[in-house]
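Please read the structure below before turning to the comments.
By letter and in written order, the chains are A, B, C and D; residue numbering begins at 1 in each of them.
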Amino acid sequence: MASDGKPTADDVMIVNAARALGDLARVGRATCFVGIGLPSTAANLARKLYDPAPVLIYESGCIGSKPTRLPLSIGDGELGDTADAVVSVPEIFTYWLQAGRIDVGFLGGAQLDRLGNINSTVIGSYHAPKTRLPGAGGAPEIAAAAGRVVVVMRQTRRAFVERCDFRTSVGFGDGPGDRETLGLTGGGTGLVITDLGILEPDPGTCELVMTCLHPGVSREQCLDNTGWALRFADDLGCTMQATDEELEMLHRVRSGVAS
Amino acid sequence: MASDGKPTADDVMIVNAARALGDLARVGRATCFVGIGLPSTAANLARKLYDPAPVLIYESGCIGSKPTRLPLSIGDGELGDTADAVVSVPEIFTYWLQAGRIDVGFLGGAQLDRLGNINSTVIGSYHAPKTRLPGAGGAPEIAAAAGRVVVVMRQTRRAFVERCDFRTSVGFGDGPGDRETLGLTGGGTGLVITDLGILEPDPGTCELVMTCLHPGVSREQCLDNTGWALRFADDLGCTMQATDEELEMLHRVRSGVAS
Amino acid sequence: MTPDVIFDQLIGAGRVSKLTFSWGGNPGVGSLHRFRDAVENAWPRAIEIEEHSHAGMAARYSAGASGLPFGTLRGYRGTDLLQFAENVRLIDCPFTGQKLAAVRAINPDVSIVHAQRADREGNVQIWGIIGIQKEAILSAKVAIATVEEIVDRLEPVPGAVVLPAWVMSAVACVPNGAHPSFAMGYSHRDNDFYRDWDRISSDRAAFEQWIERHVIGTPDHSAFLDSISMTASGGRSGI
Amino acid sequence: MTPDVIFDQLIGAGRVSKLTFSWGGNPGVGSLHRFRDAVENAWPRAIEIEEHSHAGMAARYSAGASGLPFGTLRGYRGTDLLQFAENVRLIDCPFTGQKLAAVRAINPDVSIVHAQRADREGNVQIWGIIGIQKEAILSAKVAIATVEEIVDRLEPVPGAVVLPAWVMSAVACVPNGAHPSFAMGYSHRDNDFYRDWDRISSDRAAFEQWIERHVIGTPDHSAFLDSISMTASGGRSGI
């Protein structure tokens, strides 16, 4: 929370990401492939808030981790100690992710484009980059195989681009039908949660459109912070204000007292 | 041992197989892929008799087993309890056998042909077999990948044939160069230990020739019990009589008191 | 991979139309006589067989568990298995040009494994010689485990594999459910049964009598064990 | 796969000509500044990079450990990785016609892992989050383990992997040898170091001073740990 007690933009993203995971857990077991940072915070918040709770899976091989404090790395011992099972890295990517056992993949990135593709490799040209980013990690196969990909990213004109400088992870490729042609077994980018609201792909065109705004956010703010000609859903909604219960639990998750 | 205290034909085979393994262990670590039956008896005898001892690996995934009694199946709990490591079946065949980490593979079979190929599938035609045998098991890849294959089999005219009815495991295929063409990484059938003596492949033709006879065995016996025009090495040797120490230890291995 | 005496019973009872396997024997004893009788004499019916090596079957299950359509191995080349096995093709390595065997993934309609224990949520724990049980479960469309015991909490055990409840279709408590095989720490291998099976199964009439009395004639596994004077812990009772 | 601060040090010191990786960041902190400086500005020298996804790298190590020339995965398709990565080809499944990615096996000249302990014969035991350490060892031409402790006998531990002595080229006792990472049960992750590294490494001069004093200027790992006021068990000493 910010010093004025109001939730920060990150808080709002995390709470909404946790809710999305809670919704998915309600309609079946939400096995969730989690990276470190915002996704891990959101997934752990969902694990504390909802019953049934999502099953957290980390790419280091930890299945069903129930960390009492937020891990700083995917190799954090806490993730293994509290897991139902720990498997090798080759196994987590083959028997678990590639086999289609992951319902939800949380991803972030430096750029997200209109068709839900993600860049976490370079800004600028590959061989002479303006900014060299850490790279792919587990993202491309999460984007390929997870039942549904939830992207959590701050919405800015530099990050939300017409076309990624580098396509690290495929959302809908160049448009409808591309995932099928490419043999990608998962559902693709299903939900993008930003500090301004929520985007979802248009079922016909796969283009990401704004379907919900966070309380107090205007359409203009969204347009100003998006690098493509952003469209809004006809039934544009508004996300629910973060509740005290959610924010309190988020605080406890962050400070490691939520066990 | 037979009732007259003399070693049986099986005893002689087993003692000679154990010696071969001991010889190999002396020139480097002999990691030995072992099946149940005569091979397992011989390998465990070698483990008790020699220092350095061979490392016993069972296809059920047991690496470095040191059983105190002879196992009845490759899934015998004793093999896991006494192992340095137990791995899955896919792993034993990939990371261990296929990767070339096995120095010696012990094999048997219903038929062995002149070029060291082995049949453990059917006698007669495949679709209307005279005798249906258990089948391949781990043998084809042991024959393909082990540094050296040691075959332990009773020598009879029906078993030692010009050409196997079914080629389950490749020795030298159709002759010199075949293993290389087929991409088989191991050394092939290097030693055949029978109740009559020892056969080894001719380095030029790959044909199995009798290189040693057991004490008291005649060339005629060998010819009578071989289904091809058997040749004898110019420097035909004679195996050493089984010693009291070897036979005593064999007795102890069999009765499970050799721990 | 290794159909043993249980499969021999199914085959002898005429309940098998096709067997995919890599080794069909009675471990440590010899032949599976019902299997042989079916293949050699089509008794009680002809069965179709598809045979592989262990390594090939392991690669097929691994591919199935991995969501891949095929697995790759150095195998089959030069053997007559290649001539008769469906679901094996030679492929070229795109980097080195080497020829390798590709085997089609197996995704069984149903896999059943026997494990030591499960917790009340249905998480299943197996230890000892794990074999291919994990891949059998993870490749299957319906995955069932029988367990020796259901416990409140799975205590960690060296060498154990845990299969999370959410990959299992069903878990049932069936003590000595691996009989005549064993569950490490719970039951012993019934070596006598494997030896006796050689005698029972080598005669059609003896087999039919046996299966009628002990399998068809018993309502469940516990009654089956009683009928052969076997206790749930794998010891011989009474006689 | 995940070169982190140790690789950043090697890169910054100009000792790296090529990096093959799948994620090059400071876990939980951000960038590897020396890596970025090398790629973006060729300082202190240009480095060649070959990048993959984690799944691709895992498949490459597994293939290497398996004695196969390549591994197969559902991956790379539709990404720009395919365009720049050497050692990736699309292949067709011989059964279904599906296009899959083939990745060339990795067989490192040398792999070094850090494990909890070894026995006097050289059998190495690792537990906790195993990652890809087994494959790193089994794919390597020369395989080295540093361990926290050498013991008379390896007691079984849940979740442990044992690498037999005969697959190891060398084993050395180096307490806290995973620093700034950790060895479960022996040392703690030095979270401060990862954070401090962000500051040290973001400035060329600060980096050069640091590497001179703490790495080049210390004779061994224990002296290195002393120089950063770190105890062998992973606690901060003195200051």
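Here is the rule we use: a residue touches a chain if its C-beta (ideal position, glycine included) is under 8 Å from a C-beta of that chain, and two chains touch if they have at least 3 such contacts.
As the structure is a prediction and not an experimental result, all values here were calculated from the model.
Under the touch definition stated at the top, chain C and chain D share these contacting partners: A, B.
Among the pairs B-D and B-C, the greater number of C-beta contacts is found at B-C.
Computed centre separation for the pair chain B/chain D is 41 angstrom, with centres defined by C-alpha atoms.
Averaging C-alpha coordinates per chain places the centre of chain A 57 Å away from that of chain B.
Inter-chain spacing, taken between the CA centroids of chain A and chain D, is 27 Å. In chain C, the positions touching at least two other chains are 62, 67-68, 73-74, 98, 100, 134-135, 159.
In chain A, the residues touching two or more other chains are 94, 98, 145, 185. Applying the touch definition to all chain combinations yields A-C, A-D, B-C, B-D, C-D.
Interface residues of chain C facing chain B in the complex, by the touch rule stated above, are 1-2, 21-25, 27-28, 31-32, 35-36, 39-40, 51-55, 58-59, 61-62, 73-81, 84, 98-100, 128-132, 134-135, 159, 181-182, 184, 189, 191, 194. Within the complex formed with chain B, the chain D residues making contact are 62, 65-68, 123, 134-135, 138, 161-164, 166-167. Chain D contributes residues 67-74, 87, 89, 91, 93-96, 98, 100, 102, 104, 156-160 to its touches with chain C in the complex.
Residues 36-37, 59-62, 71-77, 79-80, 86, 88-90, 93-94, 97-98, 121, 126, 129-141, 144-145, 166-170, 173, 178-179, 182-185 of chain A are the ones that touch chain D when the two sit in their complex.
Of all the residues in chain B, the ones that touch chain D in their complex are 29, 31, 55, 63-64, 84-85, 94-95, 98-101, 145, 185.
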